[in-house]
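Which chain is which? They are A, B and C, in the order written, and residues in each are numbered from 1.
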């Protein structure tokens, strides 16, 4: 089994190298001189020339790339062109914010999606099932940013129940922190909950019709016990793996959610950096996200192997 | 147990008290690097006003007033400027603000390779500190704009002891508030500096700046009590704020303007009727209803502009009143120039307010015979295209400067750094250079009037409205006054419970 | 010859699938939703009571009324009219970007799956690398690179969605290529290109159709998101996303400006999702 895991890791390496190339290349072909963008009204040609030299913006692509990659490998992502803050500091500051958002969203999604999936599988074909499916599909179809706007409009502006934006660290004020994150994580959770509900439902249906559940039923076990003890345990495993994979999706979904709710997390950092041409930040953050995503995939693979004993031995 | 309880009570109480003396300000953008000599953004200046003391400041009528310098004087031929430095000011690290420190700062601003203040201080040839309270600036030629520069970032003072540290992320100044921490795109926290000479007039323990780009969300936060004030309200929210008894609305016409810059180079993208024939530009001006833009998009905040100078400025001339919309006159001018209809491309930064303004300009100009195709462009790309001369006309603004020179010289002189119109007129160059060397307002104004006579006729730029600075404050805030430079001066401002 | 027998089979399957699709009530509902919006887009000039660009300074931000069914926007333009025209932008964005993704992704997927070896290795690594960068981030960066316009947004979304189709096609091809009829075709010496087009492609098509339908839904939301960030449809041309971008400044004063375009996006995306679900069930080989 270790062999399989080692192979997966090895395969991930060329992918990672490609990611660095894409991330770096993408930035270099973005139009708009980053220095001119930052300079805004104040574009002193002398200063621009000095900075261009300092950040080696006129070097050939491969020279810049190799220099950058070398620094990245030593953990140096460079400094934000705009504020001079090291990108690694920015990542350390923003990652907990987005993680909190993602974790709250995934918990919320599981709390909504999994029970809904179970109920609708057990009551397949009933009104409950149809209703749950309809709600799930709506959750998948609603544009996140629009839902966010509508919620701000109603909950924050009209009712003044929850803050419209911002972020309070958990360590500073836990209650306020949860209050600020409630709406954004709900928005982020909608699509996810729908997804989980549908997968739980089909996984449960698969298990419920399998032989050993039929046997369990035949033995006269109570339906509730069957559902919770046998069926759920077997259905849950693929769902857990799925959730690891969804984490990547979550990070992406956080982009617009953070934009709408002005949450100073990863997604907002990235969008702001793209718009201000803050190369170093875009590169560092996208790379970090991609590495995280690849890592999560790896975890999912490994988990899958654990759950599925047949995969443990390479053919 | 009792101890625990009392500790708990005490912490709760202290926590409550501390938050009561915080003052939270919603900003439209996140400031850039916090080094006054290197920073670029307007929003950064909002933070500096509380953080970094400067030599002099301006008052609401744009007169210069003492700050670190208690007085100043020019020599007879206006080539030497002498400052007297006050003796009771210290930097946040405890070192004294004296003439040597001031000279060191001016030297840094003049010589740092990536200093953006270099061009602002270009006329200065040497800075000397003959004694602890005197600083003498020697100039290559008279420079009427220098005092205005020194009333802003070029005159800001950092502790010389901190020069070797990373100032951009940890500035050490001498303002009424000192730097505590910053989380990019989230907040900048300043804390009261007790040793500031005017410390008694500053009533908050902490100032917290929070960048919230969306105006509506910023306003929602203010209404919810999560902010105490915000800057740059979106005009579309003006009506609802005016009707809200829990809010105060303070707006003032700023130093800057929004206008239409036209490529008059006559070659490449500038080779079209709009770029080559001033009558066509005059017709365009007649087709645009500045008052309509103010009503429809500005909600009364976009004070129509005919001149580059703010209404508060003594250089704003009565000779050039607002040109009002006259579709027939515009058509007549176009006919005189030999055109039935004129088509051109109009670029603008793609934000929603600019979009609305330009859609409106397009609709109004169509009635007079202009077929405008709108080119919404990302701001960065637009600037680059404009500098390269790859545009026909662009709707763009300028944040404005206290000195009139800053709003005009670099845009219309032949070699001006921001002359994207590619406009060149020797007489205008001569006049604006002369004005630059004439510090006396009375003598200076007629020179600008003469330059404007030419510019208002040839119209390389059509000014549309004065950039407003709309602030919204909670009704509990007392003592706030808006200034034309848009800065937040918190002296005497307090919150009543 | 088993190869020709299997080649006819898809047609028979298609008939069965169609019957199944039409008996699925929610799929039919989805189809109706999509058709309504498609008709709206095609017939826009007939359905719209006003000119989508005509501003009116006397009727700015008017709530819905008999005169303006869905109200007016910040420049006094009729929102219903702009929504009808906006349907064109949104649907076109969905269809065109998915077409790009399919046209680029499917051939690469076929190649990777059919040839295996280093062709597969290269294509798969690039696909994985692209998949590792969040969809929207990639689209935002590409849209910023290409410059803000509807066309460029479609290209950006299309390219960002391509890896999904490469991966799907590759997997399907792998499964199909060991089937008897492919082996048979190979045995009689047919050229590889012909085998891929005639024998493999028809058999990998059903899951691609399902995926394409669902991706149209995602692409429509992506276009709206990019327009919302100012990187999609440009003014004064309407799209639902750009209308929302403007509307968020008037949330409190003119909620109708955000409610209707958002609702339209929701409905059309729901339509495509329902249709995609229906197609998936109808084309599911396990049920046949």
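Operating definition for what follows: a residue touches a chain if its C-beta (ideal position, glycine included) is under 8 Å from a C-beta of that chain, and two chains touch if they have at least 3 such contacts.
As the structure is a computational prediction, the values presented were derived from the model and not from experiment.
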Which chain has its C-alpha centre farthest away from the C-alpha centre of chain B?
C
When you take the mean of every protein CA atom shown, which chain's own CA mean is nearest to it?
A
Decide which interface, B-C or A-B, involves more C-beta pairs in contact, and give its chain pair.
A-B
Quick one: report the Å distance separating chain A from chain C, using the average Cα coordinate of each chain.
22
Chain A-chain B separation of Cα centroids, rounded to whole Å:
39
Gap in Å, rounded to a whole number, between the CA centres of chain C and chain B
45
Check: chain C positions touching at least 2 other chains come out as 144, 147, 248, 251-252
For chain B, residues contacting two or more additional chains:
214, 216, 378, 381
At least two partner chains per residue is the criterion; list those residues in chain A.
31, 152, 157, 275
Counting only contacts in the complex, chain C reaches chain A at residues 26, 125-126, 128-137, 140-142, 144-145, 147, 217, 221, 224-225, 228-229, 244, 247-248, 251-252, 255, 258-259, 262, 265-266, 269-270, 273-274, 277
In the complex formed with chain C, which residues of chain A make contact?
14-16, 18-19, 21-23, 26-27, 29-31, 133, 137-138, 140-143, 145-146, 149-150, 152-153, 157, 248-249, 251-253, 255-256, 259, 270-271, 274-275, 282, 286, 289-291, 293-294
Mind pulling up the chain B residues that touch chain C in the complex?
214-216, 234, 236-237, 239-240, 292, 295-297, 350-353, 355-356, 358-360, 362-363, 374, 376-378, 381
Counting only contacts in the complex, chain C reaches chain B at residues 53-55, 57, 60, 74-75, 144, 147-148, 230, 234-236, 245-246, 248-253
In the complex with chain A, residue positions of chain B that touch it:
30-35, 40-41, 113-116, 118-119, 166, 168-169, 182-186, 210, 212-214, 216-218, 220-221, 223-224, 226, 378-381, 383-384, 387, 398-399, 417-418
